[in-house]
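Common to both upcoming complexes is chain A, partnered first by chain B, then by chain C.
And then the complex of A and B:
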């Protein structure tokens, strides 16, 4: 169990700065997920903690000790890579034992640890096989085993599930989370998949262009996003954004309008955000043309075209809904769940 | 591709058979010549069927009578030279490729291109200065003199560089996290993963070393240091007497054996090394 502190972490390649000063304090045993679109710097940040990437300025502390200049092996971390990075010429056993051998641990101690971890992950049966003879899910577990067997202070995961098929991914997601709770090791987990982020994290760090856009528990971020980027990135299907104009009596969305909520005091152009699950179908002060229908079984996603907006509005409806493409569909917002963002700064106003 | 065109099959087989015949026929002549006595080979037409002197000729050759250098000694010299060249080339080029691929140092690309440039300077081009250097070092008539000037290899360095670049970077990072030093990583991961390439290169380089002719001819004056390929040429210039074709052909036959054995025994790994990508 360890704490990790990042203070004003920056990273530049030659003259381009890719990480612009990040502050995160991670508590003992916490499961932190770094999430963001590709190229936002989340892997770079993780690799800086791992020691695989140099730190341009700022500090990384593990257990209150600055580790900026320590080799990866001396930081007490272990890492699981996206493509597993198992040594192809070694058996599963040797893959897991390699790090321990380099620590000059006695043979019987190594054997005991490897067997224990193999039992924990249920990979005892393939200890003598080569990684190339294993399926994706098995390789994934071996990679985890190699990380666990070192008994690290910190686990680092770099998109470990993105090479697995959808079903296995859900399974492994659960396994990783339960395992982490059992071992209570502080964990940083990188992913671009926001479902993974929401389900696994104790706290989320949403990264955008090398800046921590928001840090908080999954529900905090879902309920109370700080800006338009976070609001759009977290939640599936993604939040709808509509350009509108706020007047004294009503908010105009193209030709249509809704009553202005009392707490909205700013006037003029503004961006309105509403999640697909926050629509009312009983009342109908707005309408749109059905453009596309996605049937997901438990519910149906309707893509509605409103005049004056390029992006269709996505509404999540009951699974029994019967709609036809081209039909006009009436709907209304759940006014308590509206978000408002500044057009220029994209910061949330209300 | 599944096809059934008899004409195409016929043509392709003809081409293949002709190609094989072109290579096999001289070898056949060599085998035949090695199995006749000296007299028969001076008469026209030359025999095309094997005679009965094969074992007698072989015995005669190894008895070493009447030659400047006994065959077992020249074979040994050739073997030593070929092994030193091929092993030396592999050791040096694998280390330099490792440095070029995995370490970031000043003038890295400059050194790489310098190595690459030496491709344009084979032994034949630099033969005089090289001879001068070797002579000044007193390495004439030594194994070192025979092999060291041929040891540096841009081709092998380049091949290993390409191999190393196919090894995923994550493996290097994983081994760093596991606590492996660069050299540990080199021995524990890079070399085992390049095993097949090393074998393939060994075959090529062994044959290259074995077939060296010009350089050994220059640096050896002592008959005890002659290589077998040289000695074939020496036997042709045997003064007033008739060249002993049956023994020359027998020597050539014996000289062919080691490279063939290397190819046969390493063929499996060789093909795997050139085609395989189990990474």
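And then the complex of A and C:
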């Protein structure tokens, strides 16, 4: 159990700065997920904590001790890689025992630890096999086993589930989460999958272009996004954004309009955000033409085109809904759940 | 229904493979057959008459102490050349793998020796080690080592081994670098996190993973030392002093074109031919067995 602190962490390659000063304080036993689109710097950040990338400026502390200049092996971390990075020429047993042997641990102690972890992950039967003889899920578990067996202060996961098929991914997601709770080891987990991020994290760090756009619990971020990027990235299907103009009486969206909520005091052009699950179908002050229908079984996604608006509006409806492409569909917003963003700064205003 | 593409002209495929077949027949098969035929012949010293003697030439080789000595000498020579050149190549490749700045220049420089012709390589080393003119004997003299490979057979052998190995280092280097590049970087990083230092990583991760390449290079290097070192030996020692650097392929030349024992020389080259066939079979059989990633 350890704390991790990152202070004004920056990373540059030659003259290009890719991480622009990140501050995160992680508590003991916390499960932190770094999430963001490709190229946002999340893996780089993780690798800086691991010691695989140098730190340009700022500090990383593990248990209040600055680890900037420590070798990866001296930081007390374990890492699970995206491609698992299992040693192909060693058996599962030797893969797990490799690090322990380097710690000069007695043989029977190594054996005990490997057996215990193998039991925990249910890989006892494969201990004498080579990684190439294992399935993707089994390899994943071996990679986890190799991380756990070292009894680290911190777990680092670098998109560990992205090579698995969808069903297995959901299973492993649960396993990792339960395992982490059981072991109570402080964890940093990198993913680009926002569902993974929402379901696993104690706290989320949403990264955008090397900046921590928002840090908070999944529900905080879902309910109260700080800016348009976070609002659009977290939540599935993604939030709708509509350009509109706020007047005294009404908000104009193209030719149509809704009443201006009382707390919206700014006038002029503004971006309105509304999640697909926050539409009201009993009332109807707006309408759009059905462009596309996605049937997901439990619910239906309607893609509506509003006149004079480029972006289609996505509405999540009941699974039984019967709609036809080209039909005009009336709807209205759940006005409690409207978000407003500044057109230029993209910061959330209301 | 014909599923394959059909050409009306039936001579086209033959025409297309003809150049390759012609070259193979003319420059490989025909000389090989000639050598095989000649190895059964005994020619008199003036080249006026030949006699078909069946396996007499081979039997004579079997009884010749000189030839058997050449065999052990060749074995020693090729193992030394392979070990030396692969050892250095591996060392350089391991270093090149860690070089970040100027790695391109570094690699290009290391590849240059491969472009030097064997005779030139031999001459280069000959000048360096020339007992009267060379710079190396001059320095060796300072530490009281008297270098004269024209008289000292041990020194002569070392010199041809060094020269032959030097030329092969670049070739091996290229293959080692490529093999190391194909190891996923995360494996090395995982080992670093597990606490392995650079040397330990090399020994327990990198070296086992490039073993297929190492095996391939071993066979290639032995074949190289067996056959392609003629130019180097010819330029440096001409097989001397005595017969101390006369390896098999040099003996074929010496006996055949200097000693004019054409039948015996042909028999030797037939034996060499079988050796290289054997080595190639070994290579094809085992090189395919790769380490599974």
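The rule is simple: the second predicted complex is superposed on the first by the 350 of 350 C-alpha atoms of A that agree within 3 Å, B and C clash if a C-alpha of one lies under 4 Å from a C-alpha of the other, contacts with A are read in each partner's own complex, and residues count from 1 in each chain.
Following the convention adopted for this analysis, contacts are C-beta pairs under 8 Å (C-beta built on N, C-alpha and C of every residue); 3 or more make two chains touch, one makes a residue touch a chain.
These numbers come from a predicted model, not from an experiment.
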Fit-or-clash call for chain B and chain C when the two complexes are aligned on chain A: clash
First (chain B), second (chain C), both or neither touched by A:102: both
Touching partner for A:20 - first (chain B), second (chain C), both, neither: neither
Partner chain in contact with A:77 - chain B first, chain C second, else both or neither: both
Chain B/chain C common contact set on chain A: 50-52, 71-73, 77-79, 81-83, 85, 87-89, 98-99, 102-103, 132, 146, 150
Chain B residues within the chain A interface of the complex: 168, 170-171, 173-180, 184, 188-189, 192-193, 195, 278-279
Touching residues (chain side chain C, partner chain A) in the complex: 184, 186-187, 189-196, 200, 204-205, 208-209, 291-293
Of all residues in chain A, those that touch chain B in their complex: 50-52, 71-73, 77-79, 81-83, 85-89, 98-99, 102-103, 132, 146, 150
Chain C-touching residues of chain A, taken from the complex the two chains share: 50-52, 71-73, 77-79, 81-83, 85, 87-89, 98-99, 102-103, 130, 132, 146, 150
